[in-house]
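Heads up, the next two complexes both have subunit A, just with different partners, subunit B and then subunit C.
Moving on to the complex of A and B:
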């Protein structure tokens, strides 16, 4: 964390006089150009979101000429919050994201540990299965998944969406977790085994705590992913379990072109994600350093 | 070590699995169960369907062998439009997101006032639901009301019917995809950059190496392993992209921007031929599995050469 600014400044201190294009980006040389580049890039990245925000503040009559109007209103937010489906969708999405994150991490941490710590045919086969399944396109299993969840009687319930989400994450997360455990020296676990710890004890008490930064990073990414996921939610839920992304899409697909309401809901949906990101980004960057 | 002592007292019963194997199995059991029920079982259902005559008015579901596969593989649209589109989309999307993501990671790795705010703004695409972003981008490129045409006309350029022409529609889709995924690359590469050792950079600074040479001969080679993982993961995901394309163009105009997952979806649900859609999905899956192995091999060699 703190090593980087130090690294930058120590290099800067040692630098001979700069020349060329990169010199222009450096502090001292062309600060203004640098600032302009940064502001331009940030603006480009923020623009679609700014546009959603602007649309959400316009009355229904103004959404076709968002750039021209001067009337602004907060009425869209009030209207959206009064709809029961939106309110339920918020609760459902929050519950699904949180539980899917906990379940996926719980399931994959052991699988990644196995991939990292053992050699031989079993881990190789497991890795091959994961790698191949990771490649299979969603489209070829989401459609039959609909029938499968029906058969199991969990269609349109929390479980019917949670468990497929866990299945999605198994492949990718196991792979990433393997990386985390590869970066942790196993000698502590051997020491624990010699001292009479069971294999499970060594895993839970020694390896897991060392992997917590990585787990935190994955938890944040997983939560954001599930919060924003659309395809599964669309196909595997119905009226009983409305999900936020589906409700938002319905504003402009089924109920006519209610851009203002969709935008207002999208801004409300962005708030939890923004909070998670603002507080979580340093843990993500720290945790993903392998 | 302690095990041998225990084994002397209690001669081991012959078991199918040793203690180590049982531990390994238990570790992967929950993950394997989730995969078996919610991925392998549906894939098998789809694979089974692709060999049958699975239409709504034929409850018999007669076995027809490779009929649907032959149909898809001899469909000129699939071979000459859908597959080239998919490969083209994958290459451009991954290449651009990688380059931009690396640039952003290098930017965020510097220390400047307001860095935290800029970083949060650059991560915005990760926080917005892709479907909402895609709806909004489609709206921005609307030929009558979209802000893009308004700005173009303001500057004096003619507005484009963006989504009514093949290559402009494809560019809009690519723009949306690159916008969505650049922050993801930036985040992973930034984490990679911050875990690099300091010493080589200090040595280079003392030797007076230029920024370009530091980047070319130090940063890129040392980041290669992270880049390989990013590229492989993203290439697979880009190959099977569905929701952005579906929201922005629905494969149109005239099925010219279809990727293979859109093709499979249209065959399955709009042409009401679930079997043919499944066959198309299976072909796509086979292609990406082979491609992913080649990519992994090639990139792995490239990454190891640097060591």
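Moving on to the complex of A and C:
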């Protein structure tokens, strides 16, 4: 039998658990190891970006000695910004990403809503179509799309890149949008119907505002995806509509590899994406939790 | 203010029938409760009245007007939902005003209506808040307010209290009763909770498997259940059922089961005589079983052995074994201490003993 005084002293020895980020994740001695792993993984992802940043700040002669040399310059940025193709590519990429996002969301939000709320032949057929299209490997779309855009006479124009992007986004994002609407209680819309709304009214005035966090998350993902996209941009555009990712790749050409200029362009391309991510992070996380 | 009529109303999804042949006339200002287990079709029936669910058979009329083809917004109804269904992106004030603004009611009139509703429900301090910042009880009051401001012909309630905790539920139940007195409006109330049904309803409609089992006043259902389902559903703790075999002579009828033999005379005997030789189901409510009622006369008596007892403070519940079945008795003096296995004498007034058909479950009558 344990006597009472001993029990009392063991109560005195009890301490509240230590708080703190790592302590909460991995209590005890394991948290040092955990911290090291986290730092290691973070470094693994950050390293290429840091390397590109360093390269962009080195003169042309220094790109192969990034880890040594002490000479730094902003000249690369000045040089790429003076190139008309880079300048145009920035505008084109921005326009394509923005319009693709607006168009895609316009279609996706109604399509996702239909998949979430309605039963019957129309939603089933639509579901089957986007399911099948989703199963097709992305890369196999490109060649047919190339011929289609040629036939339609929209090759190397905004529409020629916008429409394929929207088509892909609608297939991929309708699912996510359906998920958002599944998470919104439909009785709110029923209440709106009883409160004097039509079906469209209930959708626009009640369901849509409730889906705003999800929509924002999707808008950010969609924008970033289009901004970073390379394959469609490479094959569906040419000189008239330069796209940033393609222009970047063109610094590797038959006369040599201008790593410093490519890096500078990459860093410039990173800025809008970074801004969108930083401001949108909260929404993306909240949206994906829905 | 209006009468609601449901005539042969049915709902099927393809070959699955959710509601079958509901006939119900709800008088002006009457409060009718639809009650039943989940999946019995009570919510579907309510949603058909609301216009949220297509009516696949029969006719529904509100205020003398057939509404089968009318969209919900034109039926002049208001509805309270189980999860409140408040518009999350609007303030309480805008939630209350939404329906009126849709109907192009002048702002001055809207303000007046809102002031009236919030005063009645005691939610004035919440007007500028958003639903997310409110407790469940407050949200439910706002949902009620949204109905009140509209001053509709019919109130529809779809399990409005089931998301609240037990204490708040009984408080809101009283408030609903109070509200009813001040704003008498035709109401249809759906619940799976028989206590809510008993306390709120002028009339109760018990449903099961899409079929109406019985319609009547709360006391009617309690005293004269039409079948075994209603008998078991209404009343708490639930009625005891024992399968018994009937034996009848000219003057009396005897029902017998393992460890039990009861003799009835008069009306009950006449009822049972028609089923002589057959097995029927005997039902007695736990409240109607009397412990050692030796001093009372005219009781039917049987012996039972105590298996477990539950102390509730104000009373005890006893589970007793009669042959192979367990019989529950309630309302026992809480200070009574009984050892497990004690043999007790139980008695019941013959009028409180019900008999049901063993197959269909209908109550047996002469």
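One rule holds in what follows: the second predicted complex is superposed on the first by the 246 of 290 C-alpha atoms of A that agree within 3 Å, B and C clash if a C-alpha of one lies under 4 Å from a C-alpha of the other, contacts with A are read in each partner's own complex, and residues count from 1 in each chain.
The criterion applied here is as follows: a residue touches a chain if its C-beta (ideal position, glycine included) is under 8 Å from a C-beta of that chain, and two chains touch if they have at least 3 such contacts.
Everything numeric here is computed off the predicted structure, so don't read it as measured data.
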Checklist entry - Which holds for A:206: it touches subunit B only (first), subunit C only (second), both, or neither? => result second
Checklist entry - Which of the two partners, first being subunit B and second being subunit C, lies in contact with A:194: first, second, both, or neither? => result both
Checklist entry - Does the superposition put A:85 against subunit B (first), subunit C (second), both, or neither? => result neither
Checklist entry - Given the touch rule stated above, what does A:73 touch, subunit B (first), subunit C (second), both, or neither? => result neither
Checklist entry - Between subunit B (first) and subunit C (second), which, if any, makes contact with A:185: first, second, both or neither? => result second
Item to check | Which superposed partner A:98 touches (first subunit B, second subunit C, both, neither) | outcome: neither
Checklist entry - Touching A:123, do we find subunit B (first), subunit C (second), both, or neither? => result first
Checklist entry - Looking at subunit A, which partner touches more of its residues: subunit C or subunit B? => result B
Checklist entry - Does the superposition put A:216 against subunit B (first), subunit C (second), both, or neither? => result neither
Item to check | Residues of subunit A that lie at the interface with subunit B and also at the interface with subunit C | outcome: 193-194, 196
Checklist entry - What residues of subunit C sit close enough to touch subunit A in their complex? => result 50-52, 71-73, 75, 77-79, 81-83, 85-89, 98-99, 102-103, 146, 150
Checklist entry - For subunit A, which residues count as touching subunit B in their complex? => result 3-5, 7-11, 14-16, 18, 20, 22, 27, 34, 38, 41-42, 45-46, 48-49, 51-52, 55, 64-67, 106-108, 110-111, 113-114, 118, 122-123, 126, 129, 131-145, 147-148, 152, 163-164, 166-167, 170-172, 174, 179, 193-194, 196, 199-200, 203, 224, 227-231, 244-245, 248-249, 252, 259, 262-263, 266, 269-270, 273-274, 276-278, 281, 284-290
Checklist outcome for this item: Seen from subunit B, its contact residues with subunit A in the complex are 1-2, 19-21, 23-28, 30-32, 34-35, 37-43, 45-46, 49, 104, 107, 109-112, 114, 118-133, 135-137, 139-140, 145, 147, 150, 179, 182-183, 187-188, 190-192, 194-195, 198, 201-202, 205-206, 208, 210-212, 226, 229, 233, 236, 239-240, 242-243, 247, 260-261, 264-265, 268, 274, 277-278, 281-282, 284-285, 288-289, 292, 296
Next on the checklist: Considering only the defined contacts, which subunit A positions touch subunit C in the complex?
Outcome noted: 185, 187-188, 190-198, 201, 206, 209-210, 212
